[in-house]
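First chain written, first letter: the chains are A, B, C, D and E, and each begins at residue 1.
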């Protein structure tokens, strides 16, 4: 008897759980470098054009998820603006694929990730970076050895927010890549489906509990890591 | 190595302008709190951009407001001991100390971790993060970090201010060695005149953002007119001598200066070594006859050159001792009682133990 | 991945209105039992599904809960027009919370306002939710629309409307009979006369881009007695012959 | 000719714009004290039970919005667990009211607000708080005079995230208080509705632009305030 | 006011234990870097909780590990000048300075902003945030902030370390006044012995987390056995005297000690005031006959009590001058040349200008 049977999940639901985990993990990790770069530029840059970038980053928060999903469909869909290009040159196909669900999640969570990291970067004492420079470290080395370790709390916060959001993202995902079991049916879309039929609530609530369980586990791990990191950094 | 500086800068209400040139070794930057010492160093180190002027090191232009050239700090190989230490909080002592090594070419590395650690007495800090260090421990690690990075110019901003005298006495000879090896030039901020005397071959006096004077330490310290800038009770003459004998039984060194023979606490240097010693004006007594039955070992024959009123009850007397210029600080009452006048032949009496170990060393 | 599977055992991909989940899941089970590959069914609202088909979704069959969206895709030649078929019908009912003892007969001039009192009438958003669209039509036809227009609580789906009534938030509401019958928290007050609104139908069709040989057979399977029983168990009336 | 006619908005849409502004503002401001308190407790508390609080705070992120809306209904509805109590004792009625929309928005945005503020609180140098204590300041005064001014960046980030999220929140709101023009029909619900109608995109996009405009304005103001605050706090 | 401390504490590898009691005035905490001075202050101020023991001030128990009582810092009215200043970065100088005033009752307020600002020379910082202050400016504002909060116990952690001598000389009299007014007790960490001599009526010597000695400054400074802890060249006797005459013409004060008459740079105090003066062993010369024609104004009659080998070439001589104990530091060579033995009657010669202004003051 497998774990999912113990939880009273159907095979399809178990697939949705696995898929959600994969989508959330990939969405979080794949958007991390971009999130970090954007956070850094927003925190440190002085170019007036950054106000636009900042606005764009916040869009997924401001727009109703269906709109974001629809825009994703128009951009990354099979016949979208970038879709064919990405498919041809990078082999990246998003339309109606789990990768698309990951993209939708990543986009929706992006403002949260960026803001958390940006706050941390802004809190870094730049005198320490200057000190590293006087010891001969070029800017990239300063970033990797000084800035990055000092913003671990912000990075972890950004990652966990992104992960949690991915576990709950539904509107953009279902609009962009539909709700195809085994491919794009994540936990939240499965929950949605169950909520749409008579007597579906019980099933939905079971999945909700699974989703909460996963997210709480991720949360606890992130808090533990954060505590470890800050414990390493200071004590007094 | 030479550092050429000619800069102006402005931050809020504070305007700084300074023009000086060093000829290597250690240059002390001396001046009251808020006079612009740290700011000047920032301009040299590339942390702050001069409004006008240029900085060059060994002929290489580091910044020049005319050409717009401005090297970033990491392109200058200028090390820092920051006044506020700026240790990396997320790294252990060891990681802090060796940080700079990653960015120096092997052949430029001069310092060895173990030696620096032993010298500074920071073994117990190697595996701990700076958050739990004491104030003085932070400074020591900061000094070590800068040294191990092997810079060609080292900016030290009150590096020993948080340390006790015993610890200072351990570190000073090491800084002397650095200075004399000639591979690094040092710019050294301090509020302690003994440190200046001991370490600096050149001195830059700052006051209120302006350069008050700059030049050879010996010259500047003998100028009574700079006494207010140098601090009460710190005026004194610096004379040069060579070691002429070692008295091992009594652990004294005998020095020969133009003024005559002097006994000082033993200097562990070979006979013939030129040394520099500072004789504080307050440590010099004047006698009309050669004293007998007095514990002071040194009495130099000289002639009073001038008598000037000093602060409060004191007079400043300049003596000419066979060409060496000595300063003496007496109460006006003594001067009157002895009937001292310019031209009076006198003896200058100096206790051997009054030579300040912190201010006695090889000629830089 | 769907597109990579070999053509012969490539599962059918069905885009279906979410309200059909219970029935279609059962029928899909029967379809597998009769030796077919298990179909993949993506349940969502009809609107997004239609737009996704438009955007090139790999769907073989579209089951809409709404005539307009089926017309939308047909107008864009996204479905095989000849495969289109009106499969199911449903009824529209006026419901109230279980605890309510209200009665009303849905005739022109009935006092629906009195039944609502201070409360609201929960209904699907009339412009986007099919049940709401039918409800509005029926109320207008019966001349009751003006009574309730300012008292509507428009939900994003018929399920949300049902929930509002079941929780006693709204005093009454208009939902499908299928939903009302399955919910113990609500009580059917009256059924709307069939002629008060356009027929409530669920059209199905094969997607034009589909290459799956099983699409038409599955559509045919939906008309078997076995499937009919499943639909009827959920309260639908099967219209297709 | 009024402003909304210039923008080509219908009277009903204009109402939705105004309502959205009100909902977002009230949601943001009303949740601020709670957000700050929770952020403080999470940043500073050591009680092991806080892991539960932390989990609960993240729930709206993890759960599909419909589920959150559903839970709000169960809790704050007319016959919910707390609804009758609040209505009777505090005069707070949420069901089918704009206040309910504000509540839904506030709840959905809560994890974002808390995280931003928490990150800032964690970055505060506690030695400064200790110093304030030695000058005689009791804990509350320390918080108000030291901690609070130092976390202004985090507070602003939390507020703007909350505001932006409120401008985009749709799922929980419509489930909780449905879609009543003039009362609970906010911009996102109006947009959603339009998106669900064949060929409704054009109308939806017009509203989307209005929504983006408002959010960007809020964003620019918040960035300006943050810059001012940090400019005040340090310069070198 | 009295502070009673008996605590132990442990942080990582560092263990501290200290037991002492003060009787008011200013107590100096002296010891090498890392010896636990800051830690001890933290235990007293309530920033760190002792593992064992108790702290009480003026009879009020501040912490007691047995009863579990532990007052929070803000309940103690113990002010701090932190080693790392800890200025509030978001407040102007003025706001920093007046911060503590909000939390003191009106009648407990002793200090006035304007006076403190003038004394510390920080007018130009009032409207600026600390980010742009120089190192010494930060310390000065930190001192002002603590003073204006009018605590009943003031913990000062190397408050003057970042300041130049001129600035120190301005601030020291003010700290003396604080000490003598009796409304605040001061615990003062410093690495400068002149400051200890000048300021401290009591001294606590720390080494490696342990209390080496504690007691009256006068007593501890006269103990040659503590010389290693106190630092080279800093040993000396502290004697008590009263002002017996003022010589306005020469700006000297005449003091009468048991040992005899002494002339020192003028002290602006009334005749009859008891004072304390430190005579560094290195400033004392020994003569067998009363010297004539020598500029040193002070010669005291005494008898050699003991001769002990000191560091390197030196001997430490204890003199008994009619009951006052004086220390002299000579080269062994001098001692031998003069044939000094215990019991030899001698004259102790001291220059008036050698009295360190930093180390000369009213009897605390």
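One rule holds for everything that comes next: a residue touches a chain if its C-beta (ideal position, glycine included) is under 8 Å from a C-beta of that chain, and two chains touch if they have at least 3 such contacts.
Bear in mind the structure is a predicted one, so any value in this text is a computation, not a measurement.
Identification of common neighbours of subunit B and subunit E yields an empty set. For the pair subunit B and subunit C, chains touching both partners: A. Compared with subunit E, the chain whose C-alpha mean position is the greatest distance off is C.
Mean C-alpha positions place subunit A and subunit E at a centre distance of 61 Å. Inter-chain spacing, taken between the CA centroids of subunit A and subunit D, is 20 Å.
Between subunit A and subunit C the centroid-to-centroid distance comes to 34 Å (mean Cα coordinates, whole Å).
For the pair subunit D and subunit E, the distance between C-alpha centroids works out to 58 Å.
Taken residue by residue, subunit D touches two or more other chains at 66, 70, 127, 189, 192, 195, 236, whereas all remaining positions touch fewer.
Within subunit E, residues 84, 132 each touch two or more of the remaining chains. Not a single residue position of subunit C touches two or more of the other chains.
By the contact rule set out at the top, the touching chain pairs are A-B, A-C, A-D, B-E, C-D, D-E. Note for the complex: subunit E touches subunit B at residues 11-13, 31-34, 37-39, 83-84, 124, 128, 132, 134-137, 139-140, 157-158, 161-167, 169, 191, 193, 231-234, 247, 250-252, 263, 265-266, 282-283, 285-289, 291-297, 312-314, 328-336, 338, 349, 351-354, 356-357.
By the touch criterion given at the top, residues 45, 47, 50, 68-69, 71-72, 120, 122, 125, 127-129, 152-156, 160-161, 163-164, 167-170 of subunit C touch subunit D in their complex. Contact residues on subunit D toward subunit A in their complex (touch as defined above): 51, 54-55, 58-67, 70, 111-112, 115-116, 118-120, 122-123, 127, 153-154, 157, 161, 164-165, 167-168, 170-171, 188-189, 191-192, 195, 201, 204, 208, 211-212, 215-216, 219-220, 223, 230, 236.
Those residues of subunit D that touch subunit E in the shared complex are 127-128, 130-139, 141-142, 145-146, 149-150, 232-236.
Contacts from subunit E toward subunit D in the complex involve residues 45, 47, 72-74, 77-80, 82, 84, 86, 88-90, 99-100, 102-104, 129, 131-132, 145-146, 149, 151.
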